[in-house]
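The structure appears below as structure tokens.
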Amino acid sequence: MTAPVVRGSIRRRLTIIFLSAAAALSILVVLAIESVARQAVQTSQDNILFASAVSIMDSVQLRDGQVVIDLPYSSLSMLDSVTDERVFYAIYLDQDFVTGYDALPIPAGVTDVKGAYQTAGFLGETVRITAVQRVFAIRDVAQNLTVAVAQTQTNVRQTVEQVRRWAIGMGLAFFMASVGITWILVEFATRPLRRLAQSISRRGPKDLRPVAASVPREMAPLVTSLNSLMQRLQVSLKRSEEFIAEAAHRVRTPLAIVRTQADVTLHRVEKEQNRKALRDIVRAIDESSRAAGQLLDHAMVTFRADDLDRERVDLTKLVHASLEQLRPLADLRDLDLVAQTAASVWVQVDPILIQNAVHNVLDNAIKYTPLLGQIQVSVQATATQAQITVTDSGPGFPDGGKSLLTQRFQRGENARGVVGSGLGLTIVRDVMAAHNGTLEISNITQGGACVILSLPLE
Amino acid sequence: MRYFILAIGMMWTLIGAQVLHGFEIEARATFGPPTNDPNLRILSTADISYFEPMIASFLENNPDISIDYTVASSSQVMQAIAAEQAQFDLVISSAMDLQIKLANDGHALRHAPLRTVELPAWAHWNSMVFAFSQEPAAMVVSKAFLDQMGGTHTRQSLIGLIRKNPDKFRGRIGTYDIRRSGLGYLFATQDARGSETYWRLMEVMGQSDVQLYCCSSDMIGDVLSGKLDMAYNVLGSYAQRHPHADQVAIILPQDMTTVMLRSVLIPKTTQQPALAGLFLDHMLQRAFGTQTGAGRNLAGGPSLESSAINRIGLGPGLLVFLDRYKKQRFLSEWESAILQ
Amino acid sequence: MRFLLVEDNQDLASAVVERLQLDGHVVDHADDLQSAFDFTATTDYDLILLDIMLPDGDGRTFLQRHRAGETQTPVIVLTARSQVSDRVGLLDLGADDYMVKPIDFSELEARCRAVLRRKGGSARNVITHGGLIFDPLAGALTIEGQEITLRTRELRLLEIFLNNPGQIIPKSKLVDRLFSYDEEVTENAIEVYVARLRRHLAPSTVSIKTIRGSGYKLDVSP
């Protein structure tokens, strides 16, 4: 059988797609969580910075027309309560620096109603700066007092790092779970395919019925084409069967005419020379007809051997049927057909092929056994094997049958005068091989041939 | 211990004023092998005698290292590191606020201490400032004064005692002039933060003509010499190490004892960050390691076990009192309390 | 015997008819299904020889309808196809036997006899000579009430002699009738069979005479 050209695998493709999606999703979730966490932590830092700035602003008093700033202790210590942070502040009255770190950048856009926030580098570290502003009337002039408070981002970094690690852990867990789910999913997705494949491979060689089992919608086109292919196959099989029948008919009918006319003529001519010629004609016709039959048989055996159509068969019954079919031929030669068979011997075989083999063996025996001879047929079962043994009272195989007979188109030395193509035992051998059975040929001590067909029991 | 250090060829150099730097130094010494280019330069506010055991124990394990030890006032330390970028490998100071400011303003390197040392949370800030000793602000009193105080040693009882005898203690009580002493200012601000009693105590002291000092040692010296009956907010450790310590009593205020942390940092100007780290770890090991007992007072000061402790927190809160306006306001309040 | 031959090929049909007539049979020939049905409706046959491929249908259709009818006339199918699978199908459809073309007429005769024997035959072919009763279909020979078992060729030989009493039959004719052409037989074989038959016939009123140089002749004593 030809192996299919395999490229890729649905299972692998699905797995890769699913896992890629899961991986992308995992990374996306990790990034999203991280981004949300960063925003949340930033917001909370901004809130604390805002509270600190406001507490400084609240400590500002106007005394004698002068701004007095009494930095609350907590305004800076509150910024250091969770993690150690460097903190900075700067206070401006309008554009004039009042106190704190004069180099600290003031976030743009700060007004007396809205704080402003900025991230900037300061003194070698990244800091978050929050500014608030309030208007003071100093000697009847409105002036803006701006308070900016800044903090390093140790806590932000640590918290974000912590969340990231957690998120990566979750992402990995999610991915691992996806691996499991993917496996199950792929299993489910490919199950109908496998089921279809099984239901088709379970079929017998002649079973070309359309697939009737329900399949998912996506597989409907496949099944439709499969059914259509099988239908075409069935049509073409039928056509070739018809062709063979027609061909056999076309060949055999003229042969039959010639043979019959030769036969009739033979009854009318007296001269021995003419009679011999006619006999030769008849014999040649018989031989070619038999060869054609055996060639067809051999082709059939070769075809069926690839895919046996096994059934439970009673060998005894099968052998008896063959015997009855051939008995008139044996009678013609006055041969005794003696059968010694066990009651029933059940085997799991292709009955058409086995019948063909038995027919060939018996046909050979009848042809090679001299007039008034005897043919013994037995069917027996051992512990492991079923055996059909055919022995005759003929001359036996030349050379004990060692090498010659099972080769294709070879005939025994003593086949002179007997019509036969020599293909018979080749067919028998092939049928046995297809069934894991054996064909043994030998000569019995009294001189006759012995053919043993062995088949494994069920 | 000192003899041991002398024996290994240590050199003492005492210099009144060092003109090589812009800042003023009070003393200088080198330890270890004699050299013109010492391996490790330490700038410290602590007296040589106070810190010498630490250096000596370090040299025991690292005899090849030469150490330069320079003593300066806390304000000069600030000046040297922040303004002049003077090259030192370690900065040791009792002025916690200034140490925090140095670190906060980006003048310190971060250092990861050894895992073997169990550093308490209060003993380090931002991996830059490390405390290695805690020293309480104590009252050093004469025996006579101790008798008058009775059993209760609180600021409240002190106020009562002085009020009752305004003339008896006139001119016989001393404390820091916080305008001149950074440590005095630190103690004062922490006292004031801790309770309102501080301001009343200052008023009472001002009324009885309190004497103002620049340094703990002078104050303790005057108590020992009988010039003073009591020194308020001084470093108990200085008194304890004095040869005549048994003549005075060191009292921790029972209502609240302010505890100062001596701390160390590695300035950014260091040329020897690894060696500085090694020495820093040695200091922490001695202060908190299992050998010496966690949190043990390095200088062997008074026990802190029974008092209500207000340990000054290392952190940016200390920066508040360094604010120009804040300080101005605090000093003017202090002046108005003391100098009526 | 009376045969119906259903065969669409005219040449083959006439050759077969002629050959069967040589053996003394009566043969009707139908060349399609319809005429086959017409013949069977009007005539009672001993045996039907049926070709499978016919111009107006399949021989299988005939088999089915024939089996559904009342008559039990045996049918031997003449097929151009040799394969076992085809033969099995034919037997299942009710054919009594089949033969693959070209037909060996000795085999056909043997099969006809076997089929007729299975079906019970008919009494009209029984030949009687004094104490000798011979039923060629059943293959039964009774002499003076004594049943005698004969081999196939002995039966066949006897039948030839009884059908042509008093006639000289050459040995070569006997060879043609008794043996198929794939066998290399000598006239000696005939002598063996004649000798065996003579032993069986000894108690009867018939005997086989040897005519030197010509052949044999059946003599019937009164």
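First chain written, first letter: the chains are A, B and C, and each begins at residue 1.
Assume a residue touches a chain if its C-beta (ideal position, glycine included) is under 8 Å from a C-beta of that chain, and two chains touch if they have at least 3 such contacts.
These figures come from a predicted structure and were not determined experimentally.
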{"item": "Chain-level touch network, classified as line, ring, star, complete or other", "value": "line"}
{"item": "Most distant chain from subunit A by Cα centroid", "value": "B"}
{"item": "Result of counting contacting C-beta pairs for A-C and A-B, higher pair", "value": "A-C"}
{"item": "Mean-CA-position distance for subunit C and subunit B (Å)", "value": "143"}
{"item": "Computed distance of Cα centres, subunit B from subunit A, in Å", "value": "83"}
{"item": "Distance from the mean Cα position of subunit C to that of subunit A, given in whole angstrom", "value": "62"}
{"item": "Shared-contact residues (touching 2 or more other chains) in subunit A", "value": "none"}
{"item": "For subunit C, residues contacting two or more additional chains", "value": "none"}
{"item": "Touching residues on subunit B, where the partner in the complex is subunit A", "value": "103-106, 124-127, 193, 313, 315-317, 319-321, 323-326, 329"}
{"item": "Subunit A - residues contacting subunit C, complex", "value": "244-245, 248-249, 251-253, 255-261, 263-264, 266-267, 270, 272, 275, 279, 282-283, 285-286, 289, 292-293, 296-297, 300, 325, 327-329, 331-334, 352, 355-356, 359, 367, 371-372, 416-419"}
{"item": "Residues of subunit A that touch subunit B when the two form their complex", "value": "68-77, 79-80, 84-88, 98-101, 123-125, 154"}
{"item": "Residue ranges of subunit C touching subunit A (in the complex, touch as defined)", "value": "9, 11-12, 15-16, 18-19, 22, 53, 80-85, 87-88, 97, 100-107, 110-111, 113-114, 151-153, 172-173, 176, 180-184, 189"}
